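Okay, so here's the structure we're looking at.
So that you can tell them apart, the chains are marked A, B, C and D in the order they are listed, and the count of residues begins at 1 in each.
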């Protein structure tokens, strides 16, 4: 049987399938559907220094094979996470990464410092790409100097695995990927949502309370795959690919494009058991193709 | 515990132009459900209904492991579901959300409008099983939009309003005579329907010391607390309609009424 | 009955519905399905100074509610257009715009000069956003200085309506929109395709001969709509919106977001009569909403 | 002239696990079609088949205004089409492309493989109507993959090969005895099927002064020359398979054979 284990720097994943921040709650929400411990890792909801109420309702719009969200980082703040949530989830036997966001570099630093103390959290995913907050968020991830500044600052205080999550809303994503690699990122993950919008023609109002929101789901897969392919060629650190993955084939496309692991987001809403199906699907693909290690797939795209 | 299960369509009963009732067979023993809970239904074969669609548990028959969904056709998702045929499979994530809670007294009024009548049948049955005879107040635009009245009548008294007066009392539910008495015949209102209707009822209840449990129909992506898309403002801040609701005590909500 | 006539600078369109370059051939291909003269305008296939064979097959991949193309500006060159095609289409009674592309500024200039001489062509759409050619194309449209340089150069030699077509593959599309407005564009059109990719997991090869290609269709609509909304607020020239429009509602969303006219692309493949349906649909929308002029819709989004 | 028309499904005849034949009723008088032409079929109710699907005109009956499509289920689009029922509507853009041209002599061989047999029935019928008795050579993996042989037999002689020898001659079409004679019994080959098969036939024809018309199955977005997605390299450069083809003289193509 093929080996599914992958390494992201020092981080060992039992398989390359992780869940995307903001779509899998804290894992518990899915515990009735999947055995969380069989996942390669889960990235929990975006966490900020202070508790946030998020944006006003409506926060969601369905689009062609996708959805827009404008949740806006609703969370209990890092202390709320540490005191209320962490005790409940720390015994999961999978990699729990915390997705960290902030409005200022200082907030990122302080949040990362606190999470650095949590034994059961082997890494953070630095979210410099959230399109749904007024301050910070995506702004950090769409300019190379500011992306480097945040990554640098957090790197200094955060000692475990530092994954940096890139924004697709940029002209050249490889430039930013190289920048944060230089700043000490142990891996990069991409893509966060594309900035989009929907209008209700009856009311003539935006569907979302925030007018624009983040687009996710199968509709964005071609863009995500292209960016993962570009970034994988540009950096030496492992790449974690996501964006519209909803089947084994999708996941394998990302691996072939150069991802060492993948995250599944929106597809969990439609099939809460999709992660397990993809893990099994990758195993079968290896068997059918007589490969003995999933790592053989990473970057194995044949471009002649 | 939440489940993800393929049900088999037993019957698809068309009630009106707009409404159908699907009876769904569960493969084994049904888990227990609370009135007001809902299912997230996967819409197969739809070109544009990408997300699951939330639908209330309309009725449950534990004796033969079937449930019913009452579906109003409003868009592509519900239209595709309304075309299902006996023998088709339907994938449900269920039972979801926090349902209605049992009352402190026996004097209950269940008020439904539009597809909001859906959870009230299961709720009414639950009351009857607990020795409570519910009263139903059902509102519609016209007589033709009132559905399954006979099913409700088997459980309790049914009062009706229509906007055009073609059945029951003319007007909105709030205009029905039973709402007008100085001393209402009920201590608890359970309601599901358009926000405007529920807000009027919440106000009515609030000013009379009556409790009012409302069921919200916010847009949902996951249905079980994972996405935080479905929030409603409450006295405790944003709460998920899908987990903390869909049923809330109206006083808990930050409603402008 | 509501007025559907709109102005793009000096250009009068009998209604706001145009067709997008590369998806409507030279109009003739659709003559069996729709009366071309009832359209607001048609933008013909991307035209370059010299004839081009385009990219190798395969040039197309179907994606979730969309498609990738890598046609690569196959065309007979501007002289071929003038000699072979123009005589056949010049009597259409609609606005025929030529989509002009090039590998160098000089090529753009020379092509525009030649088209300037054609009486029946009231304008060009300057394509600085084609993702499917090795040189030039999108590269011009993803950097502000080069976008301005091309627009400026063409403006000097081209005397009729100059529409500049923007690339969505940028961090800030408003910057480029403002740049080309400053360079003398009479209108801007957007969006061109998003750069995407698809992989065949069986062969482990890219589906497209060019590896990456341009994503179009309903999947990109939320991104397109957001960009149209942003650009409409940033510039004073008329905005022509496109990207995934496949229904009357879609078209109206773009108008509300600030577009003065819209273009329909990929949807023509699925319903070759879609343009007519949308024209009629807009007329009905005006009636239902008791509006007497389609111009009232442009930018009428209610954001409170 | 191209048309866009809703046809009505008259019958859906299942041939094998993989193949169905749809008979479609045209609302009025059928326009005239040429064998080798195809239709772009809109797939309604498919979650992922976004573009139309090109399918050859399998047969035409001008007397009752019906056409037939032969469909091999290979993906979601064809699977959804194969589920259509009598009475369903199906939207076609048709007739598209350049079909086969009539031969200079009467000695014709029609060679089909897989779903490539589809246009050959209409073509054979066309030959018969023009006083030419065609010979068919049909290749399949196994006997079970050979379909509608009886229909072809009504028009001419049918020769068969299967890869496993379970019907007809064992091997590929090129291995059939009628291909092996020093002086072939035909001057013209008309073929549709896998590229590999058609290339072998083109080579065979080329070396014997036989003409060979091949029908390509390139991926298409529009089907009528608007998108330039479907090109194939020819001696005149890139040509659209959907307009200049799908049928080409093999000598016109830049094939590495």
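Here is the rule we use: contacts are C-beta pairs under 8 Å (C-beta built on N, C-alpha and C of every residue); 3 or more make two chains touch, one makes a residue touch a chain.
Treat the numbers as computed from the prediction; the structure is a model and nothing was measured.
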Smallest count of steps, each to a touching chain, taking chain B to chain D: 1
Gap in Å, rounded to a whole number, between the CA centres of chain C and chain B: 47
Cα-centroid distance, chain A relative to chain B, in whole angstrom: 36
Multi-chain contact residues (two or more partners), chain A: 61, 63-66, 217-218
Overlap residues in chain B, where contacts from two or more other chains coincide: none
Arrangement of touching chains [line / ring / star / complete / other]: ring
Pairwise chain contacts, counting only pairs that touch as defined: A-B, A-C, B-D, C-D
Contacting residues of chain D [partner chain B, same complex]: 44-47, 80
Chain A partner contacts - residues on chain C that touch it in the complex: 61, 63-66, 68, 142-143, 169-172, 194-199, 201, 203-206, 211-212, 215, 217-223, 225-226, 229, 244, 249, 252-253, 256-257, 285, 300-304
Footprint of chain B on chain A - complex, ascending: 22-25, 29-30, 32-33, 45, 53-54, 56-67, 69, 71, 74, 217-218, 266, 268-273
Of chain B, residues touching chain A in the complex: 1-4, 42, 48-52, 93, 218-233, 237-238
